[in-house]
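You will see two complexes here that share chain A, one where it goes with chain B and one where it goes with chain C.
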Partner chain A sequence: MATDALRERSWIDGHDLMFVADTQVVYHCHHFNLFFDQTIDDALGVEESSRLKSRAAREASRQLLLGLRKRLDLQTPAEVIRAAESAFAAMGHGRLHINVSAEGGEASGEYLHYGYSWKEKYGAVVRRSHPIDAFATGFIAATTEVAFSLDPGAIEAREIECIVSRAASRCRFLVYRTGERVQPAALTESDCANLLGSSFTGLDEERVSAIASGLKEFTAGVAGDDRGLIQAFGVFVTMHLASYYNRISFDAVHEMGKIDASLAANVEELLRESGRQCGFNTFGGILRSAEWESLVGPPRSDPKEIVTSCLGIARALGFGHWTLHEFEPGERIVVRTPATYETSFYRRTYGASSHPRCYILQGAMVAVAHLAHGVVWEESPSFDEALYQRLLHGTDNAWDWSMPTCHTCGDTFSEIVVTRRRS
Partner chain B sequence: MSLALSRQQGCLRALQYRLTLEDSARLPAFLRAAGDTGFHAAPRPGLPALRLVDDNEHELIIVLASARIQLRVSYLVPRDEREACALALTSRFIDAMHPARQDTPARDAHAEPEPSLGEEPPRMPDAD
Partner chain C sequence: MQLQLPEITRGVERLRNVIITVMPDCLLYESWSRDGDQTANEEAASYLGDLVRANREALRVMRALSDEMQVTIESGGLLIILREIESSYVVGFVFESDVPLGMVRVQVRTMLARITEALPRFAVSESSRGERVLEFVERYAPDPHTVLLRVAVQARVPLDELRNPANLDGERMQRVERAVCTILGIDSLTL
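Entry: the complex of A and B
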C-alpha cells in the first residue's frame, strides 16, 4: 500500500518539482549521498553532524509519514509502522524492522542505503568507526512519533551498531523519549507552489522535455528490490526527502557562519563540490547507462547535446525546470530555472537570502560543462576517480560560474552563467 | 570468440560488464542461450530494452537498437568473486550458443576458447 502511494508522484506543473504524500522528494544516487554526508561530517565534526543529520531526517520523515498516514487512512500504530517500513524500502533506503512503543524501543536495519553503499564504495580501503545511517535514525524516530501521535521532537534514536564497522552484521538502533519539543519546518506542495514564479521554456525545449518525460516514465516504475535497494543506471538510487538535504545544508552553513564568515563560505564550497559529484557521477553515469542508450540512444561528443541531455535528467530527478537560455560551445552556458529543490525551502524557512544558494545547480552545471567539453563519449571512458580529477580539477578545461539572479534571493528565477576560464 | 566480455568501469565495483557479440546478427542466438541458462524476461515499465534476470539476481539489459548487451552481476556476490562470476556466466552463454563445445573435452583448433576479461572497447563511430 505504501509502495503504491509512493508511486503516486505529483509534479508542480512546468516546474519539475516532485512530491509524494505532500512532501517534496528528489532522486539522488549513493555517490552524492555519501559525499554530502561526508561534507557535513567534515564541516561540523562527527558528533554535531550526526545530530544535525538525524534531526533533519526526523523532521523531513515526519512530514512524509503524516502525509502517508492521511493518504492511506492508517489507524493504528502497527499500521503506521508497517507502512513506514514499506515506504523506506520502496524509496531504496533498505530494510528496517521497527519494534517500538510510545516510550521507545529498538530497531534494526539490513542493506541500509548509506551503510551498504559505503561498504561497497569504500569498505575495502577505508576504516570507519562511527555509524553512517543518520537518515534511518531520524526516520525511525519520526515513525515512532507519528505512530503514537507524539509531539515533534518527543523521540530520538541512536545507531548503536553499524555495518560500516567490520564487526557488525546488521545495523541496530535504540529509540527513546526526549524532553524536547521542536517546531518542525514543513514545505507542502501548495507552500512550494505559492513561492514560485511563472515557468518558461528555453533552447531545444522539445528535446529536453522529451528526455525528461521518458526518464520520468521510467523512474515511476522503479522501486526497492527485496532488500529495499534500488539499482538503476549503474548506481544505487534513492528517492529522498528534499528537506533532509536542505535543512542540513543551510543549517550547516548558518552554524559555521555564526563562528566566522569564511567558515560558512568553505561549507558552501563543499556543498558545490557535492553538486559537482552529482553532476559527474549521476548525470555522467546515467548518460553511459544501458537504460539511457535504450531510452535516448548512445551519447555523442556534441556539447550542446550533452548539456540538453543533462537538463532533461535534472528535470526528471526533481531538481527543477532547468532550461537552456544561451549556449556558445566551448565558451559559455546559461541555464535558467524558476526554482530548484533547494530554493523554496530556503525562502520559506529562512526568508530571502543575501546571496545565491542554489548549491546543486552551481556544482552540477560546472560538472555538466566538463562532461560536455572534456569527455570523448565514443571512447566509452571509465567514469572513475581518475577521470573526475582530470576533468574537474585539471587545468586545461576549467570553468567558472556566476549567478546574476537566484530564487533564494527573492528573484523570480535562478540563472547560472558557466564560462570557460581564460588564463 | 563469438562473445567477448569486458569490464564496464562504472560507479559500482565489478558489477557491470559489456558482452560484445562478434556478429550482432547472432543476437537471437544469444537470447536463446540466455533463456537456456536460466534467464527470463523481467521487463521494467518505461524501459524500451529487454531485461532478463535469473534466480541469482544476475541481470542482462539488451538494447535492441544497438545490440548493446550489459551484464550486471548481482550485488549479493562478494566483490572479489564478481569477475569470476561474470566469466562463468559468459562461459555458460557461449556453451549454450555452441552446444558442440560442451561435448569436446580436448579442445581442437576450431573450438571456442575460454572467455577472458578485456577493457571496454570504444564504440564504433556513428554512420553519419
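Entry: the complex of A and C
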C-alpha cells in the first residue's frame, strides 16, 4: 500500500522536481549519502551533527508521513507504523521494526542503508564507534509522532547500537518523549512551485527529454528488495527526502560561517565533493548499466552525447531541469536550470544567498565533464575507486567551474560554466 | 662504501624485492626489484615502515621488544621479512614463499650486514610531527584527496596553515591530531 503510494510521484511541470505525498524527494546513491553525512560530522562534530541530522530527518519524514497518512487514509497508530516501515524499505533505506506507544518505546533495524553501505565501503579501511543511522533515527521519531498525532518535536529517538561498531549485529533505537515543541518547516509542492521562475529548453532538448522520460518510467517501478535496499547500477540507491539534505548542509555551512568564513568554504567544497561522487558513481553507473543499454543503447565516447545523457539522468533523479546551453567539446560546458532540489528550500528558509549554493550542480557537472572527456566508454571501464582517482584527481583532465547566476541568490535561473583548466 | 643493491642481492634466488625505508618518515630510501619494475616500491615503503613501528609499539606493551625484532609475513605467495637498522631504517626482503625459512634467515642476515655497512650514518633530518601526522592520515584515510579539507574543518584550522604543518603551534597540533584520530577511528597516534 505504502509502496504504491510512493510510486505516485508528481513532478512540477517543466522543472523536473519530484514529490511524493507533497514532499520533495530525490534519488541518491550511497557514495553521495555517506560522504554528505560525513561532511556534516566533520563540520559540527559527531554529537552536534547527530542531533542536527536526526532532527532534520524527523522534520522531513514527518511531512512525508503526514502526507502518506492522508493519502492512504490511515486510521490507527498501528496502520501508520506499518505503512511507515513499508515506505522506509520501499525507498531503499532498509528494514525497520518500530515498537512504540505515545510515550515512546524501541525500534530495531536491519540492512539500514547508511550502516550497511558504510560497512561495505569503509568497514575494512577505518573503524567507527559512533552510530551512523541518523536518518533512520529521525524517521522513527517522526513515525511515532504521526502515529499518535503528537506535536512536532514531541518525540526523539537515539541509536544505541549500530552495526558499524563491530560488536553489534543489528541497529537498535530508543524512542522517548521530549516535551519540546518545534515549528516544522515543511516545503510543499505548491510552496516550491511558487518560488520557481519559468522553465526553458536547451540544446538537444529532444534527446535529453526522452532520456529523462524513459528513466522516470523505469524508476517508478523500482523499490527496495527483501532487505529494504535498492541495489542497482553498481550502487545502493535511495529515494531520499530533499529537505533532509538541505537542512543539514545549509545549517552546517552557516554554523561554520559563524566561526570562520574560510572553514565554511571548506565545508562547501566537501559538499561539492559529494556531488562529484554522485556524478561519477550514479551517473557513471547508470550509463554503464544493462537498463541504460536497453533504453538508450551503449554509451559512446562522444562528449556531447555523454553530457546530454547525464542531463537526462539528473532530471530523472529529481535534481532539476538541467539543460545544455552551450557546448564546446573538450573546452566548455554551460548548463542552465531554473532550479535544483536545493534552491527553493534555500530561498524559502534562509532568503537570498550571497553566493551560489547549488552544491549538487557544482559537483556533479564537474564529474560529468570528466565522464564526457576522460572515459573510453567502448572499453566498459569499471567504475571503481581507482578510476575515480585517475579521472577526477589526475593531472591531465582538470576542469573548473563558475556560476554567473544562481537561483539561491535570487536569480531566475542557475547557470554553471565548466571549463577545462589550462596550466 | 656505496650501497649497491644489485651487487648485494646477486645470487640470492627467489628474492623478488628489497625495499629500504627511512624512519621515522617512512620514505623510500632505495629499492631493488628482480624484474626491474619498482613502481610499487615507493608506496610499499611507507606501509612497511608503519608496520614495523606498530609492531615495535605492540612489543613494547608486551615487554618483548629487542634489537633483533623481525617481522615475518606470509601472504599471496610471498614471504616478507622486515628488519630494522638502528631505528633509522627498515629493510624489507620479499621472497617467493616456497623458499625454506632457514635459508631465508641466512640470506637475510648476510644481506642485512652488507646493507648496514653501506648505509650512511648521517643524522636523518626528521620532518616535523605535523608533517608526519598529515602524511600518515593521507596514507590511511579513505578518499585521501579530501583528507586535508576534512582535517581543516574538524580541527578548525585554516587550510593555509595546514599546508605548513611544521608551523602549527601546540594547541592547533593537538586539534589536528584529534581530527586525524577521528577520521581513522583510532584512539591515538604512535608516530
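One rule holds in what follows: the second predicted complex is superposed on the first by the 423 of 423 C-alpha atoms of A that agree within 3 Å, B and C clash if a C-alpha of one lies under 4 Å from a C-alpha of the other, contacts with A are read in each partner's own complex, and residues count from 1 in each chain.
The definition used in the following text is that a contact is a pair of C-beta atoms (placed from the backbone, for glycine too) under 8 Å apart; a residue touches a chain by one contact, two chains touch by 3 or more.
Worth saying up front: this structure is predicted, and the values here are computed from it rather than measured.
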Partner chain in contact with A:P298 - chain B first, chain C second, else both or neither: first
First (chain B), second (chain C), both or neither touched by A:L270: second
First, second, both or neither for A:D22, with chain B first and chain C second: neither
First, second, both or neither for A:E159, with chain B first and chain C second: neither
Touched partner set for A:D204, first chain B, second chain C, both or neither: neither
Partner chain(s) touched by A:Q389 [first = chain B, second = chain C, both, neither]: second
Chain touching more of chain A, residue-wise (chain B, chain C): B
Chain B versus chain C as contact partner of A:V125, first or second or both or neither: second
First (chain B), second (chain C), both or neither touched by A:I259: second
Residues of chain A that lie at the interface with chain B and also at the interface with chain C: 121
For the chain A and chain B complex, residues of the former touching the latter: 29-31, 120-121, 124, 214, 217-222, 225, 229, 231, 234-236, 281, 285, 288, 290-291, 293-295, 297-298, 300, 377-380, 382-384
Parts of chain A lying in touch with chain C, wherever the complex brings them together: 35, 38-39, 42-43, 45-46, 121-122, 125-129, 256, 259-260, 262-263, 266-267, 269-270, 273, 389, 393
Touching residues on chain C, where the partner in the complex is chain A: 140-143, 145-146, 149-150, 152-154, 156, 158-160, 182-186
In the complex with chain A, residue positions of chain B that touch it: 8-13, 15-16, 44-49, 57, 61, 63-66, 68, 70, 72, 75, 79, 120-123, 125-126
